[in-house]
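Consider the two complexes below, in which chain A is the common component and chain B and chain C are the respective partners.
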Partner chain A sequence: MVRFILVRLLGAVVVLWVVSVVTFLIFQLAPALSHTSPVYYYIGKIPFPQDSIQFKALVHRFGFDLPLYAQYWHFLSGILFGQTITDGVSTPIQCGAPCFGYSFRQNQLVGTLLLQAAPVSISLCVGAAILWLIGGVTVGTFSALKPGSFVDRVGMTGSLAAVSLPIFFTGPLLLLVFVYTLGWLPDVSYVPITQDPLQWLRSMILPWLSLAFLYAALYARLTRANMMETMGEDYIRTARAKGLPRRAVVVRHGLRAALTPVVTIFGIDIGMLIGSTVITETVFNLRGLGYLSIQSIQQQDLPVIMGVTIVAAVVLVLANLIVDILYAVIDPRVTV
Partner chain B sequence: MSTPQTAPAGAQAPTSGPFLRVEDLRVHFPTDDGLVKSVDGLSFELERGEVLGIVGESGSGKSVTSQAIMGLHKGSRAKVSGEIWLDGHELVSASEDEMRALRGNDMAMIFQDPLSSLHPFYSVGSQISEAYLVHNKVTKKQARAESIAMLEKVGIPNASSRYDDFPHQFSGGMRQRAMIAMALICQPKLLIADEPTTALDVTVQAQILELIKSLHEELNSAVILITHDLGVVAETCDKVLVMYGGQCVEKGQVEDLFDRPEMPYTWGLLGSMPRMDRARQARLTPIKGQPPSLINVPSGCVFHARCPFVDRVDGNRCVTEHPALLLATGGHEVRCHIPSDERLAILQDEILPTL
Partner chain C sequence: MSLSPGELEVVAQSDSLRVGGEQRERSIVGRSLWSIAWRRLKKDRVAVSAGVVIIVLILVAVFADALSALYGQSYLTQHNVGPGSLLDPATNMPLGVLGGISPTHWLGVTPVLGEDILSLLMFGARTSLIISGLATLLSLVLGVSLGLIAGFYRGWVDTVISRVMDVLLSFPTLLLSISLITVLSFISTAETMRFALIIFVLGFFGWPYIGRIVRGQVLSLREKEFVDAARSLGASNARIMVREIIPNLIGPILVYTTLTIPNNMLGEAGLSFLGVGVVPPTPSWGQMLSDAGNYLQIDPMYLILPGLAIFISVLAFNLFGDGLRDALDPKSTR
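Let's turn to the complex of A and B:
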């Protein structure tokens, strides 16, 4: 088991290294190929022509005149070991590892921006994931146990409707009903859990629901398909022949096997989710990582874009790593 | 599942009756193509200590019968009617809860393919313990000890360390031994073995049959052995029931039925079996044609379309009239229109020489 985890960790490190190289190349090289200096994307408008001494001094200060490998090393060592950031005028800023650089557009360390956005994203994603996993699996299981029944038809029609409705429709609809018409929930954006747990919960309910609704529908269908296949297996017949109660047959023998593929998809979905909640964040005025990435793209704020990209990659790789390990725990046939 | 033929739930049979009595059992599956009559009017009796072999081709209703006895059709679309009396309990009309209490405890089943019949995610031992824990109020530790003892009994070496192995870590024969251990852990009075050796290699088959036989003698249980191997029946069983197209076409004591088989289908089965103790033939004699459709069950005798002796009966009765299951000369029952003495003559003159 330890060996298995170590091998997977090593694999994860390699993947992340490749991601760092690709990110670096795209974001440093793309401006150069279109005959503008990355410096523009790095610090914003520069009031000097490209051939002036002042411009060259800036290029030199931020190391854009160095060979590519040296620039890459500067980028990587900043993340791994931290760096000192200076514009040559103000007091230099010590930026500890992992340092993703400094956003001259927002006058903040990228790390600080990420740390502000992360709790919002984590609150949104974890809450929604729990909701859709429980909701989807429950609906899917009950549907599968009586295919063609009333419960099944309601569940599957409902999930088809849920998949078809985009968040920018369900989100405002929920807001309209529960906040502006019924007044059951406050009209606020994110409240940190550390500040007021109850308000945090009240502020997150609608974002969770609208995000979870979509995924729950997919999970209900996935669970139903897997569960129907599993309930037809010989070992389910064996479990019944032993005289096990229905509940044990369904949960311990059926669901246990049917959920294995669901776990895989869940890991990937969670990994992808962190950077793809832009619409939900926008609808509910949440300043999470999705919002941060869109904002930084609009402002052409290169260090922030790179920071978000790397963080999203790390989350995705970690989620997959956890799924791989979990898979080995769930299915003893997977050799570890 | 409610039919006029079923007895009232929880009814008690006279205690003097046989241990297991199946009376006019019918299992029908409604499908889009029509009603599939998998088992149609099957009756037999079995005492404790006896072994009954049910023989027939694939699709003749052998497994469906055994699953009906176990009540495994409950909750499915199958329509089961008739009566099944087990030790005074009527099973067709019994509720799922009543059946659950009997399953695994009073009657148990061994399935054909032990790999797919064991749950891949749980250790072999825990699956056996699970069967013991449902029916016995004991701690997990006691169940474990009991399971290890059972594994030893069925011949698993190092049972206590193999307890925690998963099914995929067992060999085919070992898995079937584990299945047997699981079936016998609660000492059931009725054991149904549904083609227990079909998925195993020949060298292991004999060991598994030997094991079932010895455990059956020890527990004095009734055993139903479902197989398509007549050799196994001759070797193991006291009684035999030949099924064709969901019906019993011949049944009786093994010695009698094997000495004087009277139904043309049984002759066909015997003819298609390789024999070592006879002179080598050019080829085996297969039964011509296909098994009958269970949706449009043939009129008259179910076997008439494939029977080479249809012309021996006057007036096309094989096609028009369903033969009754009648007592034959030797004391077993046969479903055939050909008169008994004529059947024996055909057997002597035309069948035995070719076997």
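Let's turn to the complex of A and C:
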């Protein structure tokens, strides 16, 4: 068990290292391909003429004249151990680990921007996840209990239709109906839960619904397939033969076994979600991590893009790791 | 390919049982998996209708120029100024009902620019199909060849390829795609370059999925007797892979293809929606939806039409892929 966890941890570290290298290289590519000094991407302007002594001093201060490996180490050690950021004019900023650098365009530490955006994305992901898990598993279970029935056909056709609907179509449609036509919900963006729980709920309902709708469909199909397989097992017949009520057999024996693979996928999807909420956050104007990344790409604010990508990778890798370990604990057949 | 008992089918059974009819001998004919699958697929009404929709979609994409000329409107013509303007000068919104639907503009015109929506949708189909088709082809080529090599040679080759697939599958794909497209667009802003970038990003991050499927299949296929037989006849590794193993993979590859194309259609639309996809004036459904979001309250038709175009196309591919999987699955009872 210890060995298993160690091997997986090592794998996680390797993935994170690869992501850090790839993000760093993208950061290197931008100035090279656009024939613009990296200083421009770093602070958002070219403050001095490019051949002036001040400009060369600035390039040197940021370390852009160092060899590539040294610049990578500067980037990595900044994240791991923190760094001091200075543009040579203002007072230097102490940035403790994990330090993702400084956004000169927004005059904020990238870490601060990430922390401001995180609650929005977390609100979105957690609420949607609860909705789709309940919805998907319920539909999938009822479909599996009577394969070929009306409920099953409606559930499965509906779920296939749902996975064919992009969020950037369902989202605006929901806005159109519930906000602009019926007026049941206010036309506001995110309100923090600490500020006004009711407004928070009202502002999050539509984003939750449109995100959950898509995933619920996938989970309904997954649950149905697993449930149909499980309900054909011998021990289910034994449980029925013992005279257990159908409900108990379905819930305690069937669902419990059928849900193990669903839980695995759930962990992975939650990990992926931070990166995939970009579209939902754009549609509903929520200032979360996805919105932050799109906004910083439009402003060519590379330190922020790198920060968001690395945070998304960390969340993803951690979720994968937790799922792997949990799975090994639950299922004794899993060994390395 | 080997024949299993399941692929033999008694035909002409009903004839021989016909009372009073001419007694014919029962003949047992081997049917290929393909003819069985084809017969099953033809009976699946949903899959057949989905297939028809897909064919229509492809025809529209291929003949978009001719159809547009026949219909008499081009998306490049803007009806937004002067006496021919179809927009309300005060609001810049289409005049008339439902986003300006008229005998000359069957699905109305866009707000502000006054471009013909039907023409935009037809050329949007072309964009969508070119990108999703070529991206799927790229993941197929990479996934099948690398999966085949990994499963066939095993050992360190397999370890390396499998680890690469694991790493790629745990990447924050969407964020990296957005950054990559933005950065690589500095090379050239040409339309073909954008297309190539989107195809590359969608295809490259997609290959591990088919790679895993192929590798798994090859691991079991390589132990089959027909591979031993081919080897004992002196066939080379390359010949065994191409002539013996690949034909057995066509089923899963076909199903994967029909289910990946719609995913890539959504991918292209999503990137275009976020503003890192196809660049105007090249039409894209995702781009139209993004633009429509600005006029949601006044001109909802502009949102609904491209949305329906995406929905119908993606659903058709999904339904067809589902039907194909059932038809090719020997265990399915249909």
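We take it that the second predicted complex is superposed on the first by the 311 of 336 C-alpha atoms of A that agree within 3 Å, B and C clash if a C-alpha of one lies under 4 Å from a C-alpha of the other, contacts with A are read in each partner's own complex, and residues count from 1 in each chain.
Keep in mind that, in the parts below, a residue touches a chain if its C-beta (ideal position, glycine included) is under 8 Å from a C-beta of that chain, and two chains touch if they have at least 3 such contacts.
As the structure is a prediction and not an experimental result, all values here were calculated from the model.
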Fit or clash between chain C and chain B when superposed on chain A: fit
Have a look at where A:Gln195 lands relative to chain B and chain C in the superposition and call it first, second, both or neither. neither
Who does A:Ala257 touch here: chain B (first), chain C (second), both, or neither? first
Counting residues of chain A in contact, which comes out ahead: chain B or chain C? C
Taking CA centres after the superposition, what's the angle at chain A between the directions to chain B and chain C, given in steps of 10 degrees? 70
One more residue to check, A:Arg237. First (chain B), second (chain C), both or neither? first
Could you look at A:Pro245 and tell me whether it touches chain B, chain C, both or neither (first, second, both, neither)? first
Just chain B (first), just chain C (second), both, or neither: which does A:Val14 touch? second
Taking the superposition as given, tell me the minimum C-alpha spacing from chain B to chain C, whole angstrom. 9
Along chain A, where are the residues that touch chain C in the complex? 11, 14-15, 18-19, 22-23, 26, 29-30, 33-34, 160-161, 163-166, 168-169, 172-173, 175-176, 180, 272, 274-276, 278-279, 282-283, 293-294, 297-298, 300, 305, 308-309, 312-313, 316-317, 320
Residues of chain A touching chain B in their complex? 233-235, 237-246, 253, 256-257, 330-333
Given the complex with chain A, which residues does chain C contribute to the contact? 166-167, 170-176, 178-180, 182-184, 186-187, 262, 266, 269-270, 273-276, 286, 289-290, 292-293, 296-297, 300, 303-304, 307, 310-311, 314-315, 318-319, 322
Can you tell me which positions in chain B touch chain A when the two form their complex? 67, 70, 72, 96, 100-105, 108-109, 111, 113, 116-121, 123, 130-131, 134-135, 166, 168, 179, 182
